[in-house]
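Listed next: structures, encoded as structure tokens.
In the two complexes that follow, chain A is the common piece, with chain B as its partner first and chain C second.
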Partner chain A sequence: MGKKVAVVGFGQTKGRSSRKDVNGVELINEAVVAALADAELTIDDIDAIVIGNMDHFEGINYVDSWSVEGSGGVMKPIFKVTTGGTTGTTVAMCAYYHVASGMFDRVLAIGWEKNSESDTTGAIITAFDPVWERPNLGGAIAGLALEASKYMTNYGVTERDGARVAVRERLHALNNPYAHLHQEWMKGLAVDQLVDLLVTSEQNQVLAFPLRMSDMCPRTDGSAAVIFASEDVAEKIAPVPAWVHATANRHNFSLAGDVDMDRNTTMAAASKAVFEKAGIKEPLKEIDVCELYMPYSYAGLKWMEDFGFCAYGEGPKLLWDGVTDMDGELPVNPSGGVMSSNAIGATALIRVGEAAIQVMGKAGTRQVQRDVNLAFATGFGGCYWADVMLLGKKKPA
Partner chain B sequence: MEKVGIVGVGQTKYERKKEDTFAELVFEATTAALADAGAEIGDIDNVVTVSNDFWDGRTISSMAVQDAAGSYNKDVSCVEGDGVFGAMYGMMRALSGSFDTTLVVAHVKGSEGNMNLITNAMFDPIYQRQIGIDATSSAALQARRYMEKTGATEEDFARVSVKNHSNGVNNPLAQIRKKITIDDVMKSRKISEPLKLFDCSPITDGAAAIVISNAKGVKRFKKDPIWILGASHLSDSYTLGYRDLAYPRALEAASKKAYAMAGITDPLKQLDVAELADAYSYMELLWYEGLGLSPKGKGAELIRSGATGMDGELPVNPSGGLLSAHPVLVAGLARIIEVTLQLRGEAGDRQIKGASKALAHGINGPCGQAHGVFVLGS
Partner chain C sequence: MEKNVQKTDEQELLTVSSGEMFQPYDWSVGKFGSKFLHELKENKRLIGSKCPKCNRVFIPPRKVCGQCFAAMDEFVPVSDEGEVYVCAIIQFGFVDPETGKQRPVPYGYAFIKLDGADTCLTHFVDSVDPEKFKVGARVKAVFEDERRGNLMDIKHFELL
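== the complex of A and B ==
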């Protein structure tokens, strides 16, 4: 029971601060058209659609209904799934289960956001309990600053360590034509010099200690679409499909006060479940590339420990040793990651799409220089929620 | 399709202005569904919640109910739309090979929001919202167009309302339990021409949950499963002007697919009971046509014939339908729950004797843009 499923196409828009030239439906259409072209399919080949974003960012209710004339959903099965920051992976998983159920052969997953039409933090604050939490710990930055401070205290981590993550992500983004932030000024400077600049520059404003502007993701307008296909058709559509080896999520918390600030327990539990399903014992050795939803720099240290890529407190060493750079043992975020583009509802789906094109060998200037057998993608959001998906070149048994 | 069925159902009472929080409502429905199935939360492999950020006044509305839905350390997702789409996803997950059982739970507190503003927000922000269009005024346009095209009258709409309110009297969980006459409907306050107060469903709070299991999982539960024989969902165009508002072609296509899966060729004869999304009285007539229960343009004749009354050939909305309680989003799950109770023979005073095949239906978007259809059998 249950069909094997693979990614066979991916399309995304260029990340921008404000796409005033298109409305939301047109923005969605750009990604859909790109994904269909990538898979050499037409909308008539698509059996069902799943879409997601966050309602309060654009103020559109029933987005699945509103968008059909751009998504291609007229006279097709379509519904909406949404879970905050994890929306993109939630959409990907939903498309995966559509196909795995045996009910549909080719399913289009769409994630999008026009952050320019919103007050992002204003909207995110309303995710929290109106009585107990909105007045004191709402929004995107405060909780992350708290986590970073705790991590620094626990393991003697410094602001330079955080800045080193930001430097990696922004340098990788220079290879990705779709990334929102292209910090050309970084080209040609040494990593140490860039790190020093980030932690000393007065222009790099502190938002909430220890987080500076450079430690955070941007607000992006963008959309993405990924096509999932069943084992019956996948190899006919794509020469090298990216097979879904395993996927899992954990959304364990409802209140910010429930979150364990010492460890990212949901990311650890979800990735453990996936590694067990896929028979992975040494993730650092066995995985070839990662596209991880890390919305701020310190996630690139602490969460790496929670995935099991290194021991607790050793995230900075892994990073400074260059293990996660493009030419390292485990390249992380060749796309430049979330810190270089964050169109929230699309962001986690872009992680899945980017992981897939690494497997398919279609990542162009950001393709890692090695044989990619396994690629690992994650989503993060809500109340420290985690979604993970493992893609591979070999069709799973 | 492979065998998958419903093994547990639970609902809160449907009321206006409940004092419970979202989490308390979800916990009540979840607990009731587990008790009904003779199960514990450990028997549930994964969870799908159903909620909407506009109705809840919270972004990431599912965040408020993750713990109450029992999803701790389980795979979980959230469908934002009618419960029938939540059930669709829950079923797919139980068929995927990853899970044997899914809990699907939906909640809403209509009384905490402003229906007019919330449904106005589903229309185009630049060209349409400013004219004040919302669920009710767009429904009124659709009702008028249906009258124009088919010759149905306001009295025909009133007949739906009289039937469903009369049925609702027998449903202890219904919000409105009141017998009314055609005259009562015709004389009730105008809401949006031609719709009057008793043509419109009420504002409701409540929650509902179902447990879905594949053939492998059913031995964990004490109740005999009600099997899903067919299931399908489909959306029409969004722009009202692109659609024929007087005929639901998306429902026709969705139901044809579900009937084919279930081996149904003459739905009026082969189905024993149906629960449809009668958010406004006239909608039930349109859905008769889309579902093939009446010929095209003849929905009004079906209600006039009495075929969809409690003693008719195919009783429709024995629960009282949405006209007797309309918890938005929860509605689709409540329809599935009602037909499950009917097929089990547990529907009390509103039991249709010997019901063995049933249909449940839910809608999304303005004027019934998207439809979800389940055919169930004992």
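== the complex of A and C ==
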């Protein structure tokens, strides 16, 4: 069905809380230049561009035309795609579809965000219905606390379980020079000790129980770019391309009150579709590494269940057994994940890029030490929709 | 427009403010939403719409059942009492971006599964006691004395 497509290049900026030295267009340009350098291509080699960020965040629409000089899109086919938190993966899927269509050989996917310039809550609230939701909406943190409340009630999950996820993400980030948060104070301390510190520290403010500051993602300025290439050219560009084996996205509700807070049905359906397409029967065993869009710690427990890596209620066990650590059976977020770096429009694209470099063997100090055949990347949006992409070393049949 | 100036060793890095903006939107609620808000304002009663295919009752009522992609035309009463499905006690200062008003610190917020409805209404709950305000707690709507035809004609939900 269509051409086979692979990731052949990835570039990103180091996440920072504020990049006052660049405007948005210049920030985008940094990632594009880095991705082209990584693939040893020039902008002339790029046939089309897909770009996105969180619509409205910086108060700028038409980002496709506004940023055309920085993106390299001058006089090229260019599409804007923006889907909230899933923007980066939807941009990646759109770029993939461009190449898979057979009509474009090399397509550049770009995601970016200048969170320091954005009115985050004011912009997020525009994603919600003005009549039925906005009057009492609590913002992103409240929404996530709601999910955690049900999960804890259903399965007796504790604050320590959530903190265990935060510790993993932040320890992994220490290996990633591009991650925003580098919590050096964590180095050398035992995991149990770190968990205890997080749940007992008075400075670690409770925002909305069980969520503390440490359970949440930062606000980051950053950009990322991924280059997708068709099977006709991919192997000439990259020695080890990361082939797209399957991808899917699922949206569900219209209003927040419609969402199933017991089971993330969109995530489950999207990953099921991808596993079926790729012939995966035992995801935990068959997948080698994951880069999962997890904006808060309890997602690192519950969504492992929703994706199908373990049974419902078993998320905490995966964490405490070390399954998701760098030397575990299924390392999750060697990059440190969204909880260590969150330039929202770039974040989901970074999951794809980070999964790709694991397959390509280019992840440097955060490379998992094993033969990586399959890498699983996801995006997530605050209205509970899901994108999923499976990358692999073997060219799909 | 104010200018924010940050000095670095090499050069001044400037930002430019967007200033104060006013957003004058008037959103059409449609026939289904209008019926709901009218019933709320005039009679302090809640209604939902029922899907002919899956029989789910949606609150607020709407024209289309998304899962079935079927048109709904049956209205059913929904109780003003129900159960907390999920909840949060927000413990940080939150300024409502629509009104500019700061919410109380802390305040309660929940998805409420009202008796007779299959979807939840999202609203404030006037409790911040995690021993009482939790998943499964029974709640009842408290109406404003003066109502305008707006979701906030329900002031909040109180624990029973």
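One rule holds for everything that comes next: the second predicted complex is superposed on the first by the 394 of 397 C-alpha atoms of A that agree within 3 Å, B and C clash if a C-alpha of one lies under 4 Å from a C-alpha of the other, contacts with A are read in each partner's own complex, and residues count from 1 in each chain.
One rule holds in what follows: a contact is a pair of C-beta atoms (placed from the backbone, for glycine too) under 8 Å apart; a residue touches a chain by one contact, two chains touch by 3 or more.
In this text the structure is predicted, and so the values were computed from the model without any measurement.
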Touched partner set for A:Gly59, first chain B, second chain C, both or neither: both
First, second, both or neither for A:Lys150, with chain B first and chain C second: second
Which of chain B and chain C A:Val323 touches, first, second, both or neither: neither
Touched partner set for A:Val233, first chain B, second chain C, both or neither: neither
More chain A residues in contact - chain B or chain C: B
Partner chain(s) touched by A:Met93 [first = chain B, second = chain C, both, neither]: first
Touching partner for A:Glu133 - first (chain B), second (chain C), both, neither: second
Partner chain(s) touched by A:Phe253 [first = chain B, second = chain C, both, neither]: both
Touching partner for A:Gly382 - first (chain B), second (chain C), both, neither: first
Partner chain(s) touched by A:Leu207 [first = chain B, second = chain C, both, neither]: second
Intersection of the chain A residues that touch chain B with those that touch chain C: 59, 130, 252-254, 258
Residues of chain A defined as touching chain B within the complex: 1-3, 23, 54-57, 59-69, 73-84, 90, 93-94, 96-98, 100-103, 123-124, 126-130, 248-254, 258, 269, 381-383
Touch list for chain C against partner chain A, complex: 6, 8, 13, 15, 18, 25, 27, 29, 33, 58-60, 62, 66, 85-92, 94-95, 97-98, 109-111, 119-124, 130, 134-136, 150-152
Touching residues (chain side chain B, partner chain A) in the complex: 1-2, 23, 52-54, 57-60, 62-68, 71-81, 85, 88-89, 91-93, 95-98, 118-119, 121-122, 124-126, 214, 216, 232-239, 242, 249-250, 253, 364-366, 369-370
For the chain A and chain C complex, residues of the former touching the latter: 20-21, 59, 117, 119, 121-122, 125, 130-139, 141-142, 145-147, 149-150, 153, 205-209, 252-259, 261
